[in-house]
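Each structure below appears as structure tokens.
Next come two complexes built around chain A: one with chain B, the other with chain C.
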Partner chain A sequence: MDGKNFKGWLYLLPAVIFLGVFMVYPLVDVLIYSLEESYNSASQSFTGVGLFNYSYVLRDPYFLQALKNTFILVMITVPLSTGLALLISVGLSSIKPLRNLFQTVYFLPYVTNTLAVGLVFMILFKKTAYSDGLVNLLINLFGGPSVDFIDGPYWAKMFVLCFYTIWVVLPFKILILTSALASVKQDYYNAARIDGTSKARIFARITLPMISPMMFYLIITGFIGAFKAYSDAVALFGTDLNAAEMNTIVGYVYDMLYGDSGGYPSYASAAAIILFAIVLTITCINLIVSKKLVHY
Partner chain B sequence: MAELTDYDRIKASDRIRGRILNIITYTMLSIWALMVLFPFYWMILSSFKSYSEYTSEFVPKFYTLFPTLKNYSDAFTAVDLGKYFLNTLVFTLVTTALMLVVTTLAAFAFARLDFPGKNAAFTAFLALMMIPSELVIITNFVTITNLDLRNSFAGLILPSTASVFYIYLLRENFAQVPDELYYAAKVDGTSDLKYLFKVMVPICRPTLVTITILKVIECWNSYVWPRLITDDPDFYLVSNGIQEIRENGFGRENIPAMMAAVVVISVPLVILFLVFRKQIMAGVSRGGIKG
Partner chain C sequence: MKVVLKNLTKKFPGRGKNAADVIAVNDFDTEIPDGKLVGLLGPSGCGKSTVLNLICGLLKPTNGQIFFGDDDITLLPPESRGVGMVFQNYALYPHLTVEKNILFPLQNFKGKDKLSKEEMAKRVKEAAHLVQIDSLLERKPSELSGGQQQRVAIARALVKLPRILLLDEPLSNLDARLRLQTREEIKRIQQETKITTVFVTHDQEEAMSISDMIILMKAGVIHQIGKPQDVYDDPKDLFVAKFLGTPPINVFSGSVKSGRLYIGSAPVLDAAGVRDGDVYVGIRPEGFVPDENGPLECGFKSLEVMGRDVSVVFSNENALVETPRAIVSAENRIDTSSPVIRFSLKPFKTLLFDKETEERIR
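Our next item is the complex of A and B:
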């Protein structure tokens, strides 16, 4: 019996080792790092223990910029992408011919490399010496002035970032919502139709409540994902996001860790923990709200 | 009589309304399909334009009369795209293979075997699912640096091999395999390991295919970890390669060559997607995490 008991752990051993070294230990370590003041990675020494790193990060203008960018990005992309996904999914489930084709096309961005396709968005929006870029020509067509979306004003850059983020996250949301819509029992619709219920009412009273668990799943994961935005911004604006004023919280963490501005794991840790606290708070709020609104 | 015409009228207006709604739906769906496909079209189109053609068009043309393959040869000769490609292939295959072994063994232990502390261990595993990678990546960076594994495949691969979520997904599937099969195999004197690979794995092949594909996509597109851990172009993956190309390669302005590189990088996953369309979409709706 003893040999058998031991065996279960043997099967688990590789996973335990990998997760222990690369997940559990780092989790403890990141907390310690964030509390060690003026840590020096070369000599591995530090001068004291306290909350200095947190207060430094919270006063760092780069972090505040990143915080602002991330919040704007979250507040714009989460509602817009969820709403758009709902609209598209409802449209998709109401048609028969070409439905599979549309579904396949919509899913395509999910499998593509964010960095690579970001470059395409960059050239579509970018103003260069020889051309204003396709999007600007389109704006000109409607009588608007050209805007440099990549190196220009803040709102223009934010617009491109939001646009690209929505483009990237929609496939997942559309997929989840179409399968949620398909799983609503036809009986409910038939019963409503016999009663002569209007389409809008059917949608509000049957469809929405039935897919509300999935909607909230998407909103929660959407918030979490948007707070961790980073590679989309790199794809559009390059690695020096601070210079472009387009850094995100995750970008700030990596910049503190590595690269030209790197070498400060303590500040990076403090920023990462602040991010985690924000995400945790938002997720808890979401869960509380969903308890009230979601129909299980 | 009046009743009947009334009914007909209602039916007719209903049909017209339905048709209008249909037209609106199809228009809306087509617009979004266009938004999705256009960047792909543009990147392929630009990759076939010559540099001089591209830069001479103030109003970009939606077609090219003189398609050229020069950009593609540039992409492989002027920068080390072939090398990045090969690196990514090795990284993806090794990581996925290791992940499959680790995941299968752990899922089997949780689903089938009895051992002391199993419930506590499983709870701990589930708790780990909530930990964002951003939180642990800092220490991992320091660990790998201290182990002197920067700019090596080991450094790239090791931290990405264990995934709590896939273990959980596979365990749920393993748990559905009836216990009777296990006891029957035991009576026949089959070892646990043999039972796992001869019975469990074939039965749960769909789930294994799903997690394999999800992992391959994840590896192929991974950017953050490889960027932190490699600064030697010999170990760049395609994402870092494309970023490097953007910032230093081709002399920044050669957008057609850049687009050729983007096409080369995107093609493998698009092919994978078109071949395994059903499995990928089913898999992502069951266990995809992105967004």
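Our next item is the complex of A and C:
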């Protein structure tokens, strides 16, 4: 090894050590656990090697419920939140008065604690002995029957979860998109205007392609973030998510490790690897699609 | 299409509390004749780009009117004015190919103006051919040189057959050699298309070399309008005289006494009919003739050989410019060993200006 090469590795050493110990080793370990049948962490023993953990997890109704919940959450919140953020950012960048005020208002959820936000949603949606919640009051006002959003039907709970998730991820997306919009040079808009381009066409043919890298970034991170959702569900429905039918994949992994029915690291690892595979697949699809649509 | 600007004024609100309005363009009144290439010339910050933006409609005038031919277009938005504009940094859409960039304005046509696909393709081809970028149509703007981008921008502005073509500092982003070449190109394209063209520049050489007419402005006000040679030969005031010409005009302080012009104590020329008093004397570099018996005695500093001509750098205590320069034919053998050089002056290259108003004294 020549001196130059050695020096390079020396500089990389701290990062390599930390990444190796805290990222690579656990990843490999999880993969190994997921293949070891009935592994016991206390005695460090297992009975065999194979895919049994995977077949168990994939047949577990709680996991299937979590999988379904996660997919619904992803498919609803990612497009909706990205679209809404785009709409709001475009609106924000086309107004002058009160722009800073609105920017602050839209950004507030980002700096607010998740559990505090959960509490606010409780007040909005939860049925208690004293009131049916603010939203139900509104529904009643228009003549509808009260709905129990927290302990009621599945669709109502899913609605609240999606609503909450969108509301929480919106500020970051708005922040990114407003700055992306601001970085598009005014000259392009001037040139387009002089050429008689309609507003809709300017948006579709100039604005969107110009901010497409940022849109793509938001969609990818949005997918990954939504697949890893857990704390949002806990904030709304408490820790016993299986009972509430509102578990997510990450929630299932947690329950398998530490929950009341927990203590099964092998099942947890298998579920985590399945999640990893799903996210990897979706991200790859995103990358392929983006090659065609994103302009750099 | 001729362009008439009538009492055009543009004020911008000042910054800070109680700041006065900034007057970018003040009572601009001129007519740009049909089919001509007109240079809007002035030092930076003089409001020339503002005038261009008023013509294309990106800015609304505070006062005054703009006519294209006989149509009053003062209140029309830019998209309805039918102007083509080339921006200083070209503003080519980076995500579209050259072809799509040029096609873009055509796709905006609506209703009865709408073109068929074949018609559009034909127009794009014609425009590309006019600016000689036929072979670049598939490329993205980032894969082009500055000069090529410039051509694409011109093609994009021309493809919709605008009534007026506007160019904002079209050559400022090009290197010196390309600048020479491109300005000839602009002249050629303008002559081929016969579209009334206004271009903005702060480079007097650029404006003089290709314009049919130049409008010289300073601080939002027109100082002089005319053919480049006429304005150069017959400037209205000291600003115009100083702004045009390289090397610049040499300014001396002088005086007129009983019909003779003096620089210092040297009587240099007859000045019949001029009122006695102090004046600025502007002498073009080519107005000096080396002459052993010449009246103007100067200190000789150096000689710069340029081949056909030589440039004599000299000193004179009455000169108001730092390094006065005379351009003389190389056939005049200058005695470089002598510390003194004497000139006589060509009367029509010597211009007098009022000390107070800086207006020309004729």
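The rule is simple: the second predicted complex is superposed on the first by the 276 of 296 C-alpha atoms of A that agree within 3 Å, B and C clash if a C-alpha of one lies under 4 Å from a C-alpha of the other, contacts with A are read in each partner's own complex, and residues count from 1 in each chain.
Convention: a contact is a pair of C-beta atoms (placed from the backbone, for glycine too) under 8 Å apart; a residue touches a chain by one contact, two chains touch by 3 or more.
Keep in mind that this is a model prediction, so the values were computed, not measured.
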Worksheet item: Once chain A from each complex is brought into register, does chain C clash with chain B or fit beside it?
Response: fit
Discussion item. Output check: A:141 vs chain B and chain C. Expected answer is one of first, second, both, neither. What do you get?
Written reply: neither
Practice prompt. Give the label of whichever partner, chain B or chain C, reaches more residues of chain A.
Written response: B
Item to complete: Please work out whether A:105 is in contact with chain B alone, chain C alone, both, or neither, and reply first, second, both or neither.
Response: first
Item to complete: Name the contact category of A:200: first (chain B only), second (chain C only), both, or neither.
Response: neither
Discussion item. Quick check for you: in the superposed arrangement, does A:191 touch first (chain B), second (chain C), both or neither?
Written reply: second
Worksheet item: In the superposed arrangement, which partner chain does A:95 touch: chain B (first), chain C (second), both, or neither?
Response: first
Discussion item. For A:295, using the defined touch cut-off, is the partner it touches chain B, chain C, both, or neither? Pick first, second, both or neither.
Written reply: second
Worksheet item: Looking at the overlay, what does A:239 touch: chain B (first), chain C (second), both, or neither?
Response: first
Worksheet, complete the sentence: Closest CA approach of chain B to chain C after superposing, in angstrom, is 6
Item to complete: Starting from the residues of chain A touching chain B, keep only those that also touch chain C in the other complex, and list them.
Response: none
Fill in: Of all residues in chain C, those that touch chain A in their complex
56-58, 77-81, 83-85, 87, 89, 91, 93-95, 104-105, 107-109, 156, 160
Worksheet item: Which residues, counting only chain A, touch chain C once they are in their complex?
Response: 185, 187-188, 190-198, 201, 205-206, 209-210, 212, 295
Discussion item. List the residues on chain B that touch chain A in their complex, please.
Written reply: 21-22, 25-26, 28-29, 32-33, 35-37, 39-40, 42-43, 46, 55-60, 101-103, 105-106, 108-110, 113-116, 118, 121, 125, 128, 131-132, 134-143, 158-159, 161-162, 164, 167, 192, 217, 220-221, 223-224, 227-228, 238-239, 242-243, 246-247, 253, 255, 258-259, 261-262, 265-266, 269-270, 272-273, 277, 280-281, 284-285, 288-291
Discussion item. If we count contacts the way the header does, which residues on chain A are in touch with chain B in the complex?
Written reply: 4-9, 11-12, 14-16, 18-19, 21-27, 29-30, 33, 41, 81, 87-88, 91-92, 94-95, 98, 102-117, 119-121, 123-124, 128, 130-132, 134, 137, 167, 169, 172-173, 175-176, 179, 218, 221-222, 224-225, 228, 230-231, 234, 238-239, 250, 253-254, 257-258, 265, 268-269, 272-273, 275-276, 279
